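What follows is a set of structures to go through.
Here chain A shows up in two complexes: once beside chain B, once beside chain C.
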Partner chain A sequence: MSQAIELPVLDAADRDALAELLLAVADDEFVIGFWDSEWTGIAPMLEEDVATSSIAQDEIGHAKALYELLATLTDDDADRIAFGRDAADFRHAALLNHARGDWAFSVARRYLYETADAVRLAALAASSYEPLASLAGKIRREETYHQLHGEAWLRRLAESTDAGRDRLVSGLECLWTDAQEVFAPLEGESRLLERRILAKPMQAMHAEWQTQVRDRLRPICAELPDASPTPDGRRRRTDDFRWLHGEFTSVARSEETATW
Partner chain B sequence: MVTAEAVAEARIWDELTHIPDPEIPAISVVDLGVIGSVSVRDRRARVELLPTFVGCPAIGVMQEQISERIGGLDVVDEVEVPISFDPPWTSDRISPEGRERLRLSGFAPPHQGPVPVAGGLEELTVLQVAECPYCGSRNTTMENVFGPTLCRSIFHCADCRQPFEQFKRL
Partner chain C sequence: MTERIWEVFRQEDEGDPMVHAGNVNAPDEELAMHYAREFYGRRGESHRLWIVARDAVVELDDPDLLKPPFDRSHKKPGGYVIKHKLEAAKQRAAAEAGE
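And then the complex of A and B:
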C-alpha cells in the first residue's frame, strides 16, 4: 500500500523545467488522441473504428492525467490548460502538426509516434519525481496494446499490395523529419537531468529510437535521410493544427463559464 | 486493543464491498481491486482509488459514489478519494470472487500475469484463447484486442456462436 508521497523539494527553476517536460508529453498525447479520434466512424473497417477510437481515448486520458499533474505543480486548472490555450501555445512535436491524411499515413504516424513514446516512457518511469514515475509506469502497460496495433498495421501494409506499401512509404518519408522532434531539446533539460527528474538525455533517447526504427524500416523503404531534432521542434505550428485546435476547443469556447 | 480508527476502517472496507463498478455492476470496487488503501485519522477517511485504465471515464463516478456512501457512515466526518497510480492497478488485482462474477456477467476474466511492457507482444495477439463465459468452450478467437470500453477485448465462440468480451489483461 502506498503512503503519502514525499515529494522531492523543487525550487522555482526545477518546477519550470518539469512543467515544460510535462506540457510537451501531455500535448503530444492530447493532439495525437484528437487526430486519431477523427477516424471514429470512417476507419476502413469496423474493427479499426473500435480500435482507433479506443486508442484515441487512451491517449486523451493520458493527457488528462499529465495535465492534472502539471496543474498541481503550477496551481493551474487542467481543463484550462487543455482547452483554454491559443494554438501557438501548444508544445507538441512537429510530427503531430499534420492532418490525419489517409489510413496509411495515420498508420505511419502511429508507428513513428508509438515507438518514440515507448523509449520516452521508459525514461519517465525512472524519474526521481515519483508522481511522474508512477504515472508513466502505469501508462506504459496500456501503451503495450498500442505498440502491438502499430506494428501489426505496419507489417500488414508493408506486405500487402503495391498500393498499400507505396502509401505507407510515402507517409513514412513525409513524416520522418518531423518525427525526430519528439526528442527536441527542452530549455530546462540540463536541470532536469541534474535532478534525475529526466533519467536520460533527449539526445540519447533519440539515438536509441532512431536505430531501432531504421532497423525495422530497412526492409520496407529506402534508407531514410539523416535527420535530428531541432530547437524549435515543439514550437512550429501549421494550418492543419490550427484547424484541429478550432475543433477541439469549440465546445469549451461555446460556454466558457460551464463546469465539467 | 481495537482502536476507533481500526473499527472505522473495517466498516469502510465492508461498505466498499457493496459499491458496484459503474460499468460492470455485478462486481464490487473491492473485487475489482481498485481500492489501494483505506485509512482513518481523527474521523477523516482517505480511500485511495487505483484506476484500471488512466483514461477510464468512470473514475469520476467511482469517486463520487465512494464519497457519498462512505460519507454516510457514522464512523467518519469527512472522506477524500484521491487517485493513485502507486501501486498501479493490474488485472491480477481482481479477486478470485471478482473473476467468477465477471464470468457470470458474460465477461471472460483476464489472463493471469502482468502485461509485457518491453517485447513479448506476441503474447497478446489474436492467437490467445479465452474461455467462452456462456458455454465454457475454448474454441474461441479474438476478434479485436480493443473493445467498446478501454478495458475490454472482443472474442467470438465458434461452438455457441456467441460474441463475448474479455476483461483486458493489464
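And then the complex of A and C:
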C-alpha cells in the first residue's frame, strides 16, 4: 500500500524525530481501530454494529495514511510497518494496551482517546511540515463525527441506569492513568518543536486535554486522581496487546512472501 | 433502549430530488442521525439526508380516497384528445401569419 509522494527534504535528525512522532500517532489509530473492530457482529444493536465497525475502519484508514507517509519518509513499506513488527516494537499509548472489555469500557476508552486525539490533531494540523499538516487536516474532518458519536454514548451511559453508569465509571477510572500516555514525551520532541514540525509541546496539549476532560467528567464520576504522562508511556506492553497483535498479524504471517 | 423507526431520505447532489433511501432503528434523533449517516452516507454517496421519525409521517392509504371505483380517465391529461385541435390551431396561426 505505497504511493509516491514528493516530500520536503529534512536532515537525518529531523527525519528521525518526525518518524518517531508519525509512528506514535499511526500506532494509536491502528490499535484502537483493531480493538474496536472486535465489536463487529456483537455491538448492542445492528445499527450501532455498523457505526462502530465503520468508525474502527476509519481509524485503520487514518493509520494507513500515516504509515504511508512514514514509509515514504524512511524508505520503508507501510504493510511491513503495520504487520511486520514484533509486539514490543509498537509505540501506541498505554491506553490502547487494554482489551476491549464490555461496551461501557469501550465507550469510556473511545471518549478518552477521541478527545485526546482531537487536541493532538489540532496541533498536527498546524505543523510546519506540510504533508503532515495537510494529512492531519483531512483526518480531523473525519474525527468530527467520531467525537459526536463518542460523546453521544458517554452521555447516554452516564444518564442511563445505575448499572450502565457504574460500568462507565469503572471503565473511566481503570483507563484514566494510561489515557495520559497519549501525551507521553517523545525523544525527539525538542527538535520537532524547534522546527515547528510539532506546533505545541506534548505537556501543553496534555494540560489542555485534562482540563477539558475533567470538566466534562466531573458530573459523572468522582474527581479523578492526579495523573501525568510518563517517559515509558508508549513502550509498556501487555498480554492483552500481545494477543491482539497475534490476531492482526495472523493473515500477514500466514504467507510472508505474498503480495496482497 | 426503546427503539423507534426513522425513515431516511437522501439527495445525491444539490438540487436533486430527495429520494426515500430506507430506514434505521434508533432510540432517539441523535443516534438516528449517526446511523442514517452510516447507512446512507458513509461512502460519500449523499449530499443531504432527511431523517424523519416514522410516527411523524402522515400516512394516507384509504382506497376510497386514492382509488375510487369510478372511471378517473377524465382527470388525466390523457383523457382529452387534443391532437386535432392542436393541428388546427397551428394551421390557423400559419394562415394568419401568411395574410
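Basically, the second predicted complex is superposed on the first by the 251 of 260 C-alpha atoms of A that agree within 3 Å, B and C clash if a C-alpha of one lies under 4 Å from a C-alpha of the other, contacts with A are read in each partner's own complex, and residues count from 1 in each chain.
The working rule: contacts are C-beta pairs under 8 Å (C-beta built on N, C-alpha and C of every residue); 3 or more make two chains touch, one makes a residue touch a chain.
Keep in mind the model is a prediction, meaning the values are calculated, not measured.
Aligning the two structures on chain A places chain B and chain C in a clash. Once the two complexes are laid over each other on the shared chain, residue contacts for A:A65 go to chain B alone; chain C is not touched. Contacts of A:V25 after superposition on the shared chain: neither chain B nor chain C is touched.
Shared-chain residue A:L192: touches no atom of chain B or chain C.
Once chain A of one complex is fitted onto chain A of the other, the partner contacts of A:L135 are limited to chain B, with no touch recorded for chain C. Touch criterion met: A:S54 reaches chain B and chain C at once.
Of the two partners, chain B and chain C, it is B that touches more residues of chain A.
When both complexes are overlaid on chain A, the residue A:L96 reaches neither chain B nor chain C.
In the superposition on chain A, A:A78 makes contact with neither chain B nor chain C.
Shared-chain residue A:M45: touches chain C; no touch with chain B.
The interface of chain A with chain B overlaps its interface with chain C at residues 47, 50-51, 54, 145, 148-149. Across the interface of their complex, chain C is touched by residues 44-48, 50-51, 54, 145, 148-149, 152 of chain A. Residues 1-2, 5, 47, 50-51, 53-55, 57-62, 64-65, 118, 122, 130, 134-135, 137-142, 144-145, 147-149, 151 of chain A touch chain B in their complex. If you check the complex, the residues on chain B that touch chain A are 36-37, 48, 53-57, 84-90, 114-118, 121, 124-125, 143-150, 154, 168, 170. Across the complex, chain C meets chain A through its residues 1, 3, 24-26, 30-31, 34-35, 37-39, 42.
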